[in-house]
Amino acid sequence: MNLTLKIWRQKNATTKGKLQTYPISDVSPDMSFLEMLDVLNEELIEKGEEPVVFDHDCREGICGTCSLQINGEPHGPDRAITTCQLHMRMFKDGDTITIEPFRAAAFPVIKDLMVNRDSFERIQQAGGYVSVNTSGNTQDANSIPVQKNNADDAFDAATCIGCGACVAACKNASAMLFTAAKVSQFALLPQGKVEATRRVLAMVEQMDKEGFGNCTNTGACEIECPKGISLDNIARMNREYLSASMK
Amino acid sequence: MGGIFNSSIARKVAMALSGLFLVIFLLLHFIINFTSVFSADVFNEYSHFMGTNVLIQFLLQPILILGVILHFVLGFVLEYRNRSARPINYVRFNGSANSSWMSRNMIYSGLVILAFLGLHFYDFWIPEVVHKYIESHPDDPFRYYHETVAKFESPVRTGLYVLSFVLLSLHLYHGFSSSFQSMGWANKYAKGLRGFTVAYAILIPLGFIFIALYHYFNNV
Amino acid sequence: MSVLESKIPAGPLEDKWKNHKNDINLVNPANKRNIDVIVIGTGLAGGSAAATLAELGYNVKTFCYQDSPRRAHSIAAQGGINAAKNYQGDGDSDYRLFYDTIKGGDYRSREANVYRLAEVSGNIIDQCVAQGVPFAREYGGLLDNRSFGGVLVSRTFYAKGQTGQQLLLGAYSAMNRQINRGKIKSYTRHEMLDLVIVDGKARGIIARDLVTGKIERHSAHAVVIGSGGYGNVFYLSTNAMGSNVTASWKIHKKGAYFANPCFTQIHPTCIPVSGDHQSKLTLMSESLRNDGRIWVPKKLEDAKAIQEGRLKPTDLKEEDRDYYLERRYPAFGNLVPRDVASRAAKERCDAGYGVNKTGEAVFLDFSAAFMRYGQEAANTQHLKNPSEEKIKELGKKVVEAKYGNLFQMYEKIVDQNPYETPMMIYPAVHYTMGGIWVDYNLETTIPGCFATGEANFSDHGANRLGASALMQGLADGYFVLPYTIGNYLADDIRTGPIPTDSPEFEEAENAVRSQLEKLCNNNGTKSVDHFHKRLGKIMWNKAGMSRNAEDLKSAVEEIKALREEFWRDVKVPGEVNELNTELEKAARVADFLELGELFAVDALHRNESCGGHFREEYQTEEGEALRDDENFMYVAAWEYTGKPSEAILHKEDLNYEFIEVKTRSYK
């Protein structure tokens, strides 16, 4: 099929960017979206133009590197997938596809479609861990049973791949779903409970400091999350935060 | 306690609490107004009580006004912060793919409600204050019904009221249930609660619309 | 010839590691503060090592090319992690895990290392649970296990289909704790481009900031390479797009021996290639082989009809299907080790029985599992005379609960519903057992340079068992290297900070810069991917799942010629001093083009078949691998001399004192 791509080109963080139009032909419906961009880049290199820069790595939907805003939605129109798992069969011959970087003050553009998500790193560094040393003498893994539903909920929260789609989808560029997933995973497990108070306060404080917007419960994050992380995690974090603030 | 009052979550909770307070007030207001449909006397009685009771006039009324102001100011702060969290907008943003119109446009439904409040104050509250505290008319427990009904003679005003209540409904549709989420409510009753809030968001504004139209057509 | 000292401690197998830990030197806490360690790669091996070293008190700098340490490709591991916990009470033990690993590796790994691995495996699970890794649990609240290929016990711990991500997030959270304390400085979007050796010791690296293009010098008292494997030499593999051999290859060129480069694991259950545009292959977890049955048509004409779309696989009668793994290996059936399963698939496809358009796929069929689980579910629900349809429906629900996400992923990629028609799978390059040669202390032949995880060669011999890669990465990083590196660093407590203005740093930086500039100014006509794809074709066709001397010889020549062409004709747009993704790729492919040659040389010299290395000349009458223990029971460690094909071979003989060497049989 033949398509028209409108791609955001921006030289670096300090220059202004704009949409540029590229026609592309003979796209196979079996291609992934990123493979389609590979083809475009090969053509651009051939013509002596600079290829479009975009983030990608594992190409199997787990590393969370890829990040495009496609036709106004993070990771494109399909659900429960990352951009690398989006296939061209989701589009029709003759379609115009707008491709932009994830946009947020806390995700500055590096170049073209590549953004800097270090703000996520700093949120996790602020408290996203259990303070346990690697001694080889920690207690036996089965010494503390964990209720299966808690273990399962913790796992569901922990499936977050840190891609930033929640921020990109949110009209407020809020990072609540991401932060909540991290807080929830630990809050639900006995190992993480010990530090829960300190953790939630520190992580929320860092989240606010990074300049993300405030949650207004639109729910866009949950819909666009490639791993389907539930809004319940946000409620849980709110709860955790309130009770931690009272302590 | 640290920066709780500065934190995004604390602001959300303040938003939720003030919102819930206004939701309760709205119910009360509705009940009193609704009496006007079937009994001028009951309406007058309730209105007289509300308008003359010292506790209500000098304690609850200021709290209510503060609540309204807090809710609006916080709403503007939220909106400002949220806009600056994305300084460069998307060229193409498909919000309807993943969220409701109501949830994305609380600021606009809120602004309409604010404008309506202005009209409402102009219509009722300011004349009331002038009547009671500036011009110092003698107490008349039977004036409320006529004054209220008289306002709905104008089709323009009635139309504005109806429109405002539609926006109020949209505002409540998202805001009421959202406030529980903000306060961390997520359990097996959440679904039922959501149903209740939706019913409330539709029925109460509809009731107000009914009252406005009822008096309008009675006047005709 | 041999200068290889494996430094295996003396004594009984069970006591070696314990005694060694008691014997080696330690660095006191106050002195650790004065010692810097660089860790390249932040996957399970690098991330866990960095976190533990920082906990101990060393100043750690980590480097990864990704934008976050959490995105290293360990994250993609699906199935699980082995540990000899014996929670299931099915007779598991350290010895049994050790035995399974040595046997699975076809007797080409080092006994002492593997035993140590088995010994610390239990600690890994304890550690991860303490960190908050949400492993799957049973209703009683205790940890659940499942079974993987090549073993007869259930010792695999898992977190649905994303064990790798959960373990990596555990290691990453441990890193975050140290970053927050200021003990780790994390350099993301940085790539190591050379090792700096001062007075014969590894003392730092040259790295490029991938965002600004700036070339930087970083010094340390020791350098740890945990940068993963080199499966991307095949272009198409299950590795991430950025996975590369550069760190390993650069230290090889500076004196670290490269061991067994030809030992590559081809994973049997991947989604088949769909076309020329394909950039990467997707793995379907090995756990699927617990319940799926692998087959191709018995008759060639049926295979042809299926290839051409004239016949639906579901219409083929049971007696016309060839469940070739169950036929050839009745004892292990569909759960034979990966190398055996992959080769068997290739054998059937080469004979013309493949089932997709190109004839390069076999079926993985769950219909029997639907019926089996469905019957079970019908029994527990006390349904009387349920219809076949009803049973199937119940069975599908059970399978969905177990593998739902994998089925969904398959449908997204292939656009076929695997609940209705059998999946198609084909082998793909997945893991490299070969890597940098290390001694028992995980130190390479360069003093002060260590290698952990997939980057080293040590534990898996010629074939790795499923769920053992995660185990090795974390064992090396959490429990082995942090001790053994102390033995080396004990001599460095008075050294003080290493200056970066020495001539050695200068020289290394200049070499890196001139290579990058050469690539950028080459003015060629063909893109980097063009060369990478061609290299991949050579590797897959001539050094892939089965190899022969003639092909390998021509592969050596073709790779050499391709490398020359690459340097003559590659086109890299943009500059060195800016973000330049094509330049990053070019530098990596340049190294693959050298490694590929050594790979073929190694495969050519090893005149036997073992594990993942299958030489067509050396097979039994039944087509099984024919090992030559007399002549090849050694580790081939190659020393770089300037040209990959002229590398000098050093042998580390493998002595099996505690295990009886047998012919591997899964029949």
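Each chain gets a letter, A, B and C, in the order it is written, and its residues are counted from 1.
In this text, contacts are C-beta pairs under 8 Å (C-beta built on N, C-alpha and C of every residue); 3 or more make two chains touch, one makes a residue touch a chain.
None of the values given here were measured: they were computed from a predicted structure.
Engineer: Tell me, please, which chain's centre (mean of its C-alpha atoms) is farthest from the centre of chain A?
Structural biologist: The most distant chain relative to chain A turns out to be B.
Engineer: Give the identifier of the chain nearest to the protein's overall CA centre, each chain being represented by its own CA mean.
Structural biologist: When every chain is reduced to its C-alpha mean, the one closest to the whole-protein mean is A.
Engineer: At what distance in angstrom does the C-alpha mean of chain C lie from that of chain B?
Structural biologist: So the centre of chain B lies 62 Å away from the centre of chain C.
Engineer: Report, in whole Å, the distance between the mean C-alpha point of chain A and the mean C-alpha point of chain B.
Structural biologist: Whole-Å distance between the two chain centres: 37.
Engineer: How many angstrom lie between the CA centroids of chain A and chain C, rounded to a whole number?
Structural biologist: 26
Engineer: How about chain A: which of its residues touch chain B in the complex?
Structural biologist: My answer: residues 6, 8, 19, 69, 71-73, 77, 98, 100, 103-106, 169, 171-174, 176, 201, 204-205, 207-208, 211-220, 223-224, 231-232, 234-242, 245.
Engineer: Which residues of chain B touch chain A once you look at their complex with the stated criterion?
Structural biologist: Interface residues on chain B, with respect to chain A: 1-4, 6-13, 78, 81-82, 84-95, 97-100, 103-104, 106, 174, 178, 181-186.
Engineer: Touching chain C in the complex: which residues of chain A?
Structural biologist: 12, 28, 30-32, 34-36, 38-39, 42, 45-46, 48-51, 53, 55-65, 78, 80-81, 85, 87, 89, 110-111, 114, 116-118, 120-121, 124-134, 136, 138-142, 144-148, 151-152, 154-155, 158-159, 161-162, 185-186, 189, 191-192
Engineer: Tell me, which parts of chain C touch chain A in their complex?
Structural biologist: 48, 51-52, 55, 66-68, 70-71, 73, 75-76, 85, 87, 120, 123, 125-132, 134-143, 159-160, 162, 164-166, 169, 172-174, 176-177, 179-180, 186, 188, 211, 238, 240-242, 274-275, 277-280, 282-283, 408-409, 412-413, 415, 478-479, 482, 527, 529-530, 571, 573-574, 578-579, 581-582
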